[in-house]
Structures are given as C-alpha cells and as structure tokens.
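Two complexes are shown next, each including chain A; its partner changes from chain B in the first to chain C in the second.
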Partner chain A sequence: MSELSAPDIDARAQRKNRLFELVSVLGVWALVMLLFASGCVISPKFLTARNLMSAAQAVSLLGIVCMGLAFVTYSRHYVDLSIPGIMALSGAMAISALPYGFAASLAVGMATGLAIGLVNGLVVGYLRLNPIIWTLAMVSVLAGLIRWAYGGLQVYPDEATAAGRAFLNLYHVKLVSLADGRIELPLIVGLLAVLAAAAHVVMRWTSYGAQLKLTGSAYEVARLTGVNVRRVVATAFVVSAATSALAGILLTSFNKVAAFYIGRGYDFEAITAVVLGGMALAGGRGSIAGVIGGVVAVALLNNVLSLVKVDDFVIGEFAKRVIQGCVFIVVVGLHSWALRRTGMDDA
Partner chain B sequence: MPETAERASVGVDLARGGDGRLAALAYRYRVYLLCAGVVAVMCALSPAFRSWESARTVLKSATENLPAGIGFALVLICGQLDLSVGSVMTLGGMIAIALEPQVGWAGGLVVGVAAGAGVGLVNGLLVARARINSFIVTLGTMIIVQNVVFIVWKGDTVPARGYAVADWLSRPIAIILTPRVIIALVLAMLCGLLLLRTTVGRGFFLMGGNPQTAWYSGLRTRRYLSGAFILSGLLAATGGALYAMGEAVANSRMGEKSLMTIVAAVIIGGTSMEGGRGSVAGTAVAMIALMALIRGLNSLGAGYEIELMASGLVLALVILYDAWRIVQKNRTRGQRRELLAELAARPPAAGEDEDDTTEGVAMQTKDRTFALACAAMVACVAIVGIVAMYLYSVRQPAPAPTGGPIDVSTLRGTDNQPLVIVDDSPLNPPQRPEDPSKLSDEDPLRWYDMEYAGWRCQKVQQPPSPGDGARGKYVVCLRHMDHPYTTAYTRGMQKVADAYGIRLKTLTAGNCDASVQSQQVDQVISERPDLVIILPVEAKAVVPMLRKLHQASIPVIASNLIPVDEGMPYVLAWTGPDDWGQFRLLAREFARRMNNEGGYCIVRHMPGCSPYFSRTFAVVTELKKIAPKMKCLEMQTTDLEAEKSMQTVSAWISKYGQDLKGIVSADDSGAQIGINEACRAAKREDIIRVAAGNSKVGMDFIQAGTLHAITYQSAEADGALPMKLAADWFSGKQIAKSVYYLPKKVITKENVAQFLPAQW
Partner chain C sequence: MSELGLALSMEQISKRFPGTLAVDGVDFSVYAGEVHALIGENGAGKSTLMKILAGSFNDYSGTIRINDRPVDLHTPAAAKAYGIQMIHQELSLAPPLSLAENLLAGRLPRKWGFVLDRKAMHAESRRWLERVGLDLDGDTIVEDISQHEAQLVEIAKALANHPCILVMDEPTSALSRQEVQRLFEIIRRLRRQGLAIVYISHHLDEVLEIADRVTVLRDGRKVATHEIRDVSASQLVELMVGRSVSALYAERSTRPAEVRLEVRRASRYGFFHDVSFKLRGGEILGVGGLSGSGRSELARSLCGIDPLEEGAVLLDGRDITPADYRQSIAAGMVYLSEDRKSQGLALRMSVAENVLSSVIPRQSRTGFYSARSGRSLVRALVGSLEIHPADPARMASTLSGGNQQKALLAKWLATKPEVLILDEPTRGVDVAAKVVIHQAIAALADAGKCVLLISSDLPELVGLSDRVMILRQGKRIGQIDRERCSEAAVLLAANGEGEFVQS
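Now for the complex of A and B:
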C-alpha cells in the first residue's frame, strides 16, 4: 500500500513545479532585485538618480550589442565572436567616410557591419560551419585588416567640419532633458529601449520569431517542417552584426578616435549578459526581457561592488571580478537546474 | 538543362575515380600537407628561415602551447569546451616559479600541476555533476583563476632565482631537440597512446560521439567527463610550469593570449567541435604549422597585423575545406555509382523528367551550397594573394645618405620638437635599503629596485664595437606592443635610421605578450643582426631574454621600459622616458593645484606591465612626502578603456562625494575620456585631473581645460634616441652612462601650444 495516492503526488509535484517555474521565469530579475536591495544596504549613495543613471549609461552599448547577439544565441549558434572586429571596423569606416557628410558616414559604418554579418551568415547559416570557430577566424582577420589599413594609427574625426562635430557629439546627444538637466535621457539609452522593444516584437509576434525559436530548439524538426533554416540562421548573424556596428559607431564617437582596440572584450561580456539573462546556449529558450535583465544585472553587480569600501586596493579590484565570475556560474547553474526540475529541459 | 549538367558532372567525377581517391587521401592528411606546404613556402621565400636555429625556434614556440592544446583537444573530443586552459597555464607557471624557494623545483612543479588539476576537477564537477554548460563554467573559471593570480601576486612578475634549470631545459641535445621540446612531445605521445590504444581512450571518443549511446552501453560518462577536465587542467598547468621554468620567469598574464592559438591549432588539427573526433598528432602538427607560418612571416619582415590575418585565414581556409568536403560527400551519399554512370551516358528522355523534378530541385540547392563554398574559398584565396603581394612589395632597403658627416640634431619630430633629445643630469641614487619589499607601499624606497634600476650597475663584458660606422648596418627592433604610441616611436626611429643609412626591421610582441617576445628573441638570434633594440614587455620578464641575447654576443640597447637591475648588466645601455621621475614631477604639479590637500584616486595601468607600479606609486610616495594632507582614497585598473574608466570614476564620485578632489590617470587618451565623461555627467568639473601624456586626445583636453596637466613623453624622440646611440656605438664612440633619460617636462594649458600637433 502506498502512503500517498496518485493525485496527492501529482499535486505535490505540481506545487513543486510551480515554484521552480516561478524561479526560472523570474530568473535574472530575482538577481536584479537582490542586487538592488544589497546596493541600498551597502551604500546610501546607491539609490541616487545620478548613480543609477551612470550605471545605466555605462552598459547601454553592451545592451545594444546584446540585443543582436540574443538572436544568435536564441538560434542555438552560441556566440558571434567577431563582435569586437565588427565594432572596430565599422567605427573606423564611419570616420573615414566623414568627409562625405554625417549621413554617409553612418551609412558606411552600418554597411560595413552588415557586409561582415552577411559573410558570417552565409558561411555559418548556409555552409553550416561551426559559429565559434568561423567567427574566431573572422575576428582575427578583421583585427589584422584594421591594423593594416590604418597603419597602426588612431583615426581622428576632423573637428573643423560640421560632420566631424556631429559624429563626436553622437554619443552625448540627449533625447530629453528636464529640470535643468537633472533628469536626462541620453540617446544611447533611448536607442537601447527602442531596439529592445523591436527585438521583443520580432521574437514574440512575428513569423520570423517563431521560426527562429523552432530552429533554435530543434534544427532538424524546423527544417523538415519547411522552415528555411539556413536563411533564419543567416539573418540572426546579420542582425547581430548590425547591432554591433551600431554600438561600434557609438563607441567610436565616445572614444573620439577609431582604433583597433575599440570594442575589445565586448564578445565575452555580451555573451555573459545574454546567458545570465536566461537565454540558454542550448537555444530556443529565454526572452528579450530576460536579456535586458542580464544587462541590468551586470551593471548593478559592477556598481554595487564598486561602492563597497575595501581597505586593500589591489585585492578589492580583482576580488570584484572573482565575485562576478562566481555569480555568473552560480546563476546560470541555478537557472538550468530549475529548468530541469520543471521538466522543461533535459540537457 | 541544369539536371543534365548535374548528371554530367557527376559522371565526370566518377570517371576520375583515381582523383577522388587522391582527394580523399589529401583530405585525410590535410594537416600534414598544410604543415609541409607552409614550411616549403617559407623556406623558398625567406633565406633566414632556412636554418637549424629557426627550426629550433619554431619547435620551441609550438611546444609551448602543446600540452594545453592536447588538454583542450581531449575535452573537445568529449564534446565540451575548456576556455580556462590559458588561465590555468598562468597559474601553473606562477606557482612553479614562486614556490621554488620554499619547496624546490620538483615541489613547485608538483604543486603547480596539482593546482591545475584542482581547477580541472572543479570544472569537471560543475559540468558533469551540476550539469552546467561547459562554455559557461570554463568562461567563469577562466576569469576567476586569472584574477586570483592577480590577487596573490599583485599583478607582478615573478623571476626565478637561478638559471640552472632554464639552461638545462633549453640546451639542445640533438640539433633541434631540447629537453623542454622532448618533454612536451613525450607528454603528447603518452596522451596519443592513451586515446588510441586504451579502452579509456576509446571511451572518450564514444562519449563525444554519442553521449546517450555511451551511457546505455555502460560507460560511466560523468567520470569520463570529469576525467577529461582534470587531464586538461593538469596538462595546461604542466605546460605553463614547463614554459615558466624554461624561461626562468613567470608573468601574471602569460597564458592570456594562448587560447586563440590553441583553439586554432586544435581545430586545424582535425578535432571536431561536435565531439567524438580528434587527434593529438594532428594538434601537434597544426601547432608546428601555425608557428612556422608566424615565424616565417616574421623573418620576411611582416608585421603583427599580417600574422593575425594569416593565422585567421589559415583557420578559415581549413574549416571551409572541411565544409566543402562534407558538401561533396552529401552530394554523392546513397548514390550508386554504376547506375549514375549509365544514366549520364544515356541522353535524357523527355517523359522522364516528371518524377525527377523534386530530386532535381534538391540537387540544385545542394549545388548552390557547393558554389557558395567555392566562392568563399576563392575570396579567401584572393585575400591571401593580396597579402602575399603586399609582402613581396614591402621592405625595400632604406636609401643610403649621400656622404658627408651626418648631423641628426637638426631632425625634427612631427610635433616640431627636436627629435634627438637627452637629459644630461647626472645619476645619483640614494642608498638601497636592505630589503625594499619589507617596507610599506607608501615608502619611496619600497620601489627602489624599480625606480633606480640600472643607475649603478656593473656591466658584464660587452661585444666590441665594429668601429666602422653605421652605414649598411642591420638593426632589429623588438617592440612590446601594438599601439599608436609604438607606431610613432617607430617613425622616430626610422627617421634616424634613414639618416644614418641603417637597415631597420621591427617585430611586435602582440599586445605586451612576454612569451611572444621571448620567441622573437630566439628568432632574432638565428638572424644575427648587428644590433638589437628591445622594448621590454615587462621589467623582470625581459631579464632572461637579455641574458640570452648577450650569450649569443649580439649587442643590445634596451628602450622605453627599463629592465630591473638584474637585466642591466647585459645591455649596452637603456634609453627612454623616466616614468618615475615624470610622475614625481606630475605629482608636484598635482599637489600645487590641489593646494596640498584633499582626497584623490588613481586610474592604474594594466597589471602585468611596469607602469602599473610606476604611474601609481611615484605619485603616492611623492605626495606622501610633499603633501601629507593628501590622501589616496582608491586605485584601480580599468584596462585603459574609456567605458570601464567612466564606470569606475562614476562609482568613485558617488562613493566619496566631495571628499574626492583629484584623479590621477595612467593614460590621457582612452582612460581620460572615461574620467572626463564621468566628471561631466556628475557635474564635478572641479575635480583636478592629471595624466600620463601626451596623445592628441590628452592635449585637446588640456586646451579645453578639462585636464590640468600631463607629462611630456615624445614617442618619436623615445624611438630616435636608441638609434642615435646605436649609430654612435657602431662608429666606435664610448657609451658613458648605462641609463639615458629623455628630458622631463609637464604640459599644462600655458605651454601646450608648443607641443602641437600631437604625434599620435
């Protein structure tokens, strides 16, 4: 005789499932709330508009990159490692095209990024090459190309022309400025919001989003269903390249100079934020809201840890990164564990 | 009709059955062919490449990353990734060198390897037991291990106490084989045997090929997976320890750049990202091919950018070739050759097409893929061709000057300052304390060995000057990093070299990569130039390299970054900016503007290089002395990046509020942009800002008044001085001092005009 009847076990399992489901849905936003609370405890300076705004501004470009990368990860193609190369090259090309006007400069910058994205998309999407290896080879070629083309020099926009000034000012443009500039909405934060909304709509409400989800969850099934999987994957890489190019142009505007080191480190930081946001590397899982959560979590983690007072400067600065690494593994581990327990994943 | 064409082409393919088999054979041994091809091409193009020494160099640099590469391949065969191998190499190397005084060489090696295995165990448990994606886990441990190394050794470099072990490891036994190469190859052989000849090895392949089947057939998959990660950690740490012992020095970011090379070599070597396929021998051969390519390009005089492009292109070509083979295989999969041959021989009948249409469409799609693969390969080949043509066209010998006495003092830099300048004030160092490392960080004498390096030194016997003038001499300059500063540096050096008719070649050690510089030193020794100018990647890491150059009796002038005392006896002289003196000068200007009071923060240089210390502690100690009321609130590295600097400084402003009155920065371009942006956003334009100079960005800020003082550090003059000294030495002039400083100056708004336009 069993002590519990079948419906009892079902109900218990269901309750348990619901709990885990909650955890996995809230996912990264739980971490965000936790960080927010600990920030308030650690320092009174944390909960000020200026601090939060500067934290937001610092990760806006990362957020923009993540919006595109999310498509690649969602389609189960892990990561686009050519992001730093795209950012540096599109920024440099934009500055090179400045003599032909501001609009031409932006167009050339974006076109450069799109062209590289197209190559990535063709090779990874149509030829089915491994995305990590191909984009690794790509970034190496791009890094060499930029150094070669510009002779290891920094390329400055010409401040004497209107186009040059407009380009330099691009990063600093404020969309809204209220109360003597105490409340400001920088262009990049606005851009991130618009891109996030657009990405969300595409992923949730369009047929492309549905096809992408199916491709990411089960490539073969999607192919047999009649989805043009190759085009779907190729498009994801083009989108990723487009957002990287945009971020690259903005970052170049911020740095006032185009050089090969622009965008360094963005590949791993972006994938960290995307995965932290619950977008599984196994593909087809996660949401743009989660990715935004991941970006916010990265920003808050950085900000909160910077506000902690440490006596030994050297230990303080590297301990911060050790903590970030630990948090990354633990959060992603917990998330995949919760998914498994709810039966949503068998990986 | 496309179908007909298709069929015909298949028929032709079949008719050339022998070619198909040849192609299959070529595909199978592609990495050996690649290696042979690279070596053959390089030997044909470059006479300097055709020597036993250069073969030894190639083997040495290939085996440096080999153990870690094998570990990476092993994990990849199991279908997982291990991104932490680079960090674990660093960890193993640091432990082996740093623990040697306490536990001896063997003890250090054992502890280092054990630590590596420990990291592997953690990776393995997290992947196999906690079932977290290996990409995530090892990305996390990569960051954690690297920063733990920074914490434990404070971003510093650890030199070995003696050269006995290093010399033993690098002594050639049989023409090109040295013990360290033999050890690495034996390790590789053992791993190869384990994989190919044992049940355990087959288990790895089985698990990678199909984990489900492996589990069903009773394989303990979790143990195998953990085992693969442990082996990977163990091998990586062994590789790092061996490398550090062979070089007699361990740098705290020595493994950072290895990951890219390792991934490329493992993939080119035929290991599949999907798991279940791979080979140790292939990895080793691919390593040799890659290194032969890079060394060959170097001996041809190609820059770092060509190296990057070439290794990326080789990787791209190899994987495109793989994809092309798979496409080809799919095209003929399930087809019966004899029937197709018959079909191709027969003219197509009109009625037959009906049931053929769908298949025809499928064929067409596949054919497009094939065409695409071809197009991509052609594009890559075209780029390689362009690069090759570029390589062929560069490096014309410099025009020799048309007789008469040479006067370089009239040369001017692009900023209209004199090009050849030197500080003539005598060097009078204070008394060295017993053990500087026991003093507090705020005591100036704590940094004695860095600040007064080389001021008092007993030179060892230097090679004699040829005494026949500078014309036609061949000088190699080994630069530490690829940066606009070093570009301007080379410009200055080239100007002086042209004036004297000296032939100059420059090589770049990637981005401050000690292991690359060490390889380049080996290469330069095999080329035997008349003199070497070296810009050390790091003050301590360069000592064994200087010793090696000296043993090969090649005269050396060190430049830009000063080696520690142990290295100075091996060089003719050192020239460059007085980083400590410059920053003491800057600190005095900073204190004056701060009215000798208030809190300040420091944005530091990157850990693992010397300005990380000089541009921090020169300020701290100087201010302690002249303005004790000033307090250092915090210091942090931002990797000199604009965004990270903005983030960090914003947090400082929030955290310290009005207590923060000033910021010192190790860089006036990227980092200063971030600092200024943070100050502007927080409406804290009152913060006093000073930085190391002098880039265009920094001087623009000075003019705008958002940066108050920078140091004057002329990149072109920095490059011109060692070349001038070399020319003097060639014509038999005595080198009087061991250290030649550039003049020290501070640029402020008042005098900035005379330093324009900026050099970089």
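Now for the complex of A and C:
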C-alpha cells in the first residue's frame, strides 16, 4: 500500500497517540492537583499537618496494596479480589504468632499471604481458571476461615508483652523525625517508596518485567515466544498477595485488632487506583508512576469527602462508595472510549 | 452480458486510513445476474472496498448506486437494508447453536407472541438449507457439521436475508475440489436467479471458471476490468503484480553439506505418525500437504510447543528433543507461527519490543534487562529486512501486513537460529515483502542453517525448497527433489497420487 501518500495524516495520528499516552499519565496527576485545591477550599482542616499526615498514611496503605495488584492488572488478569481476605488473615495470623516474638509474628503474617498467593498463582496461572471467579471464591473462603478459626471473636495483641507493643506501634513508627516532630516520615510511607521503586525497576528493567508486559499484551504470542507464561502470571498473583499481606499486618496494627472485616473495600479501592493511574484492564499498559498518581487521587478523594459537611452532616461511608464506584465507571468508560477513538482497542 | 441492468455501481470510491490511501478513486460495478470477480494481491484494497460496501466506514468518498439509486452506506445496518450480504472467509456462525437458530437469528418465528415456533423454524431453515444443496436438519448443532457444510450454511444464512448483492470473500479456502464444484453449481443457480455476486479469490483458476467479469486492484487503485473470456491466468497475474513473476524465485546454489538435523520416528498420536527425515546444513526442506495433513502439528511438536509423544530430534548429533519450547529455542530451533496476529506479534507493542521479545532470557543473564542493549540488533534487522517505516518505536499494529510479517521474521532471526521452522511465512503479504522474506530465508540457508518450510503457497514451496517432503493424513508419504519438483507434482502427491508417493 502507498504508505507515504499521506505523511501529514500519518504524523497527526502519531501525535494523537502520543498525546493520548501523555494525557493518561499526566491526567491523573492533574486530578490530584484538583482534589488538593478543592480540599483547601472545602475545609480549613484539610491543610493541617495532622490531616495531611493521616492522608499520607492512607495513601501508603492503599499504595502498598496497589504495588502488588499492579502486576496482576498488567498481566491482563484484571484484579485479585482476594486482597481483603489476605489482609485480614495475615493480620490475624500475625497477632496469633505474637507470643513467639515480633519477628515471628511478621514472618507468619507474610508467610500466610505468600501461601494464599501461591494457591492463587497455581490455580489462575497454571490451571487457567478465571481470575475474577477464583479470587472471589478465595475471599469468601478466607473470610469464613477467619470466622471459624477465631470463632467470630476479635483478636487483640497483648499489650503487656514487648512484642505486642512493638506490633501496635508498627503503624506509627517514624523513620525520620525533624524539627521537634513537626516534620516526620512514617515507616509506612518509606515502605511504599521502597516498594514503588522496586516495582518500577522490576517492570521496566528486568527480564521478568519484559516478559510480563509481553504476556499482558498478548498471552498466546508470549507463549509462542517461549515465555513461561504460567509462571509469569502465577508470580504476579504471589506478588499481589505479598503486598496485601504487608498492608494487612500494618492495618491490623493500626486497628489494634484483627477481624474478618479488616481490609474490606481495599479490593475495589485498589483496582480503582490502578486503573485511574492508567494501567488498563486490557493489560500490558501503564506504569508504576501512574499507579502512584491513582493511589494519591483515590486517597485524597476519600480524605476530601470525609471533610465535606453538608448542613453539619458529614458525608459518610455510603457516599464515599457511591462516588468511588462512579469514578471507576467513568475512568474505565473513558479509557475504552479513547482507545476505540484512536483505533487501538482491537490491536 | 446481462439485460437486467446494474445492481451496484461504485464511482470514484476512496478511503483514507492514517498513513495510507487504501482505496483510491476506484470504479466498480456489478450487473444483476453477474458474477464479478475482484482480485489483487493482499493489501491491494479489495477488503477495504468491500468493507465500504458493507457499511463499515462513514467517511469514504465517492458515489454508490444500488439499482440506480444513490445511497449512503455509512452503517452496516444501512448496507443490510439495501440488500448487501457478505460471506467472509472466517465463518460467522455461533458454534453452540443449531443451524436454524443461526439461519434465522434475529427473526426467529414465534407463536403467541413469545414462544418459539419450532415447527416453523424447522420448515424455514430446511428451505434455506435445501437452496444451497444441504440435506441437513435445522436442529443440527453447528459444532457437529464439517467446515464445508458450515461454509454452505453461511451462504444459506446470507440468502435468508433476501440479498440483491452477495459478496463472497475467499469462499473456497476451506473446501476440497469436489466441494468447490458444488459451490460453483450453487453460485451459477443464484446467478440465474438474478443475484449480483462479487467473488473475491486468490485462486485464478476459480475466477476464470466462475466469473463473468474481473476487476484487478493494485495498491488501492483499479488496474483493469475485463470480460473473463478476454483474459488468461498469466495476464491476470501480470496485472496483479505489475511485473513478471519469474523474477520472484532466484536460483539458489545448493552445495552438499553434512546432515545437521535429524528427526527420528516422531509421533503425536492423532496428528502425525512415525515421521522421520534428515536435513542438511544449508538446505531448505519444504513440507507439502493439504490442510489437515499434520504439517503445523509436526512443526509445533518438534520444537516443544505441543507434546512429542514418540521420537527424537537430533541437531549435529546431539539429542535436543525438547520438553518445552524454551529448551528448543535455547538449542537453536525456533518456529515462526502461521498466524502473526494472534500468535506471532504483540500488536500493541513496538517493533523493537517484539523483535527483542524472543531474546529476553538471553539478554538478561543477571535478571536485569534493558531493551536498549538490543538496539543495534533491532536496527540491523529492520534495515536488512527493509521494514517500513524503519522506526523501531512504531507500534506493530500500525504496520502493513507485509511489514508485520517481516517484523515477525526479524523476531526469530534475532535468536540466531540453527534451525528455522517457517509456517506460512508469507501468508497475506504483498509481493515486495514476499521477495524480501524469501531472500532472508535463502540467506539463512546459505549461511549453513537448516530451514523447514511449511507453505500452502505452491509457487513459494516449489520455488524456495531444495526438497519437498509430502505429508498426508499425518504420515510422510514421499518426497520430491528439486529437479523434478513442480506445483502439479506437489499437489498430486499431497492428494496421495503420482510417482512420488511411496507406499
């Protein structure tokens, strides 16, 4: 075909594609700015060190979950719905192991998450079950398991022991404290930074990342290129479970109690953040930088909503959920629409 | 010709895609009661022209008249309303449904307003099936019928919508010779009934047999329209290609060399049985056979994509019988898959990423990997295979079919293979790209590597191979050496006949 017959159109199409990519990365950070500005306008409480600190910690917990979930979404396996279950069970197991010491507690908590991740990975990666159906079943099983094991009781860490106090303090540990505690860097923010850097490096600079991108972009092509697609997908689920377990332990530390409902809502918030950050459900697209933007946007949205008062009535959990759902629908809808417009949906 | 008048007249039709003028001022008309063949190399604009007719685009330019009335075909629904029906190469039947449900989809007969009228369904589907010469029950499930019957059901489905213009795109690609003749009888009958038929095919003998007129497209433009009795096959080929075909296959100097690849008694039961062959360094071994003869299955098992149940593969005397495809790639034996869109290239990724995807493990011994380190390799391959546009960052989906195929070849050449297995390396590719791909294959063989070439393109198979091995029903039934190899010999042997078949 006469490829060069219309260089002007060619160049325009190329520009359009590049613009589209740029918008999907910058767009989320623009949204972050907008939310930040509206937060400042809506409530005087927004721009206080206390509020911003709690926002940062919320960002960090969600962010840690998203760093793992991003691998699942990138591999075109949409979402790991067992996230809340993993968070709850890891937290509960960590508390149960506290009598054997703080390190044992962390190890048991993480091992729990990894074990569940391995099962997910084997079933979805190797047996090729539908990831949504399987992890949906898994989260139900996990919630049941916790209720059965703990008899529906809430599990508290024992504050009388050093390990118990260390566990409870985990969420509040500061890595750096400057100017009499006015500028602080909480441990979990530092953890998120390390995980984000690691996730970025793995995705962009390792053979696993390259193979994950190929698998997410075109599974069959990856298989016929000699990529061990089953292991690649299974690994993504293990990574997702590991970060969920970490977030679960931290959240349990914050809540001072383990219960089956811990981590509830993180599945949907996390996938909203990941998709909002430009990591398409179609797989193989997006970046960790974008996902971080998505996380900040979702956390800020929550924070701003919690400050909004209508006739002295604080908008509650229900409104938050409605708005989050709408954001998710709009983002996914816009994304599919944009892809169709640029003719990239079938490619 | 026909006294019935023009059923379809397309005047000065153009359609622009980003980067290409796919159809450029084409005039095309069909009389009622005429079979008008539309031919051209892949990428000549045939399918775009027919997509315009099917209402797939709302931004074409030019005038379309149906029965002398100017019409806008901006939606598929509009095209259907004007009586335009398409029969595609890929079947559009829903496999788990019955024939009747497929035939009458969207207008199933009902009684009392909502209950399916099974009896009416049965009778009506029966009527349409009989019209295409099928003696099948309407309750039969699509999954249970043969490919050829499905093709006829597809036609019945189109007829059931009372078309005045019927477009058939490669309707014989899955049919045997006898089945083609049956199809032609049906086409002739439809022609007598006054239907305007557009017949798209690569098979010139079919075109010469069934068409009344033929229009040749090349590079989006119309080259010529002829009465079929005024043209011969070689004239048509010249019109399509725009140059003489004999220049396509250069003579290769074959030198005797050591046996490098040896396949011993390879079997995958139900697909191929007890296949043995040897391949010398610098040799291109063609694999001939009809579709379903087990050619692709053999290739896929030899390199570990599918299991090899019996047998051994030896390269330079070393046993490399693979447990999985990764081992095979590591041993230097790679497979270029036949379907580039679903198995070959990740279309949403760049050319560079695709080319390097085959060497990710090799370029990252430490686990760290950067596409940058392969940049010179990609540039060299893009240059030597003349991939156009020569921009490695370009998304693979924006390339033309021929350039995509070159990129796919580049992906496997990047592994520096000792044995290259090619499965339909030039399917759906324009002539210029074909030449480049053939030269690259020949160059690889000249460098002392082994090439196993599976191709349904007989001129390619005959022109490129040093030897052709014939598979039939999963068994190796003979081989033809270069001196005596011709398209006719391969075709005859593939059908289990002729002097080259060893019993």
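Just so we're on the same page, the second predicted complex is superposed on the first by the 267 of 347 C-alpha atoms of A that agree within 3 Å, B and C clash if a C-alpha of one lies under 4 Å from a C-alpha of the other, contacts with A are read in each partner's own complex, and residues count from 1 in each chain.
The working rule: a residue touches a chain if its C-beta (ideal position, glycine included) is under 8 Å from a C-beta of that chain, and two chains touch if they have at least 3 such contacts.
Note that this is a predicted model, so its numbers are computed, not measured.
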Touching partner for A:N303 - first (chain B), second (chain C), both, neither: first
Touched partner set for A:K213, first chain B, second chain C, both or neither: second
Touching partner for A:G226 - first (chain B), second (chain C), both, neither: second
First (chain B), second (chain C), both or neither touched by A:Y100: neither
Touch count on chain A, higher of chain B and chain C: B
Common ground on chain A, meaning residues reached by chain C in one complex and by chain B in the other: 347
Complex contact set, residues of chain C against chain A: 16, 18-22, 24, 43, 45, 219-220, 305, 325-326, 328-329, 335, 337, 342-349, 353, 356-358, 360-361, 363-364, 367-371, 388-389, 395-398, 400, 411, 430
Parts of chain A lying in touch with chain C, wherever the complex brings them together: 1-3, 5-6, 9-10, 12-13, 17, 205-211, 213-214, 217-218, 220-228, 284-285, 343-344, 347
Contact footprint of chain B on chain A as seen in their complex: 43, 45-46, 48, 50-51, 53-55, 57-58, 61, 78, 119, 122-123, 126-130, 132-134, 136-148, 151-154, 156, 251, 254-257, 259-261, 264-265, 268, 271-272, 275, 280-282, 302-303, 306-307, 309, 313-319, 321-322, 324-326, 328-329, 332-333, 336-337, 340, 347
Of chain B, residues touching chain A in the complex: 126, 130-133, 135-137, 139-144, 147-148, 150-151, 154-155, 260, 263-264, 267, 273-274, 303-313, 315-316, 319-320, 322-323, 326-327, 369, 372-373, 376, 383, 482-484, 486-487, 634-637, 639, 641-643, 646-648, 650-652, 654-655, 657, 669-670, 673, 677-678, 681-682, 695-697, 700, 760
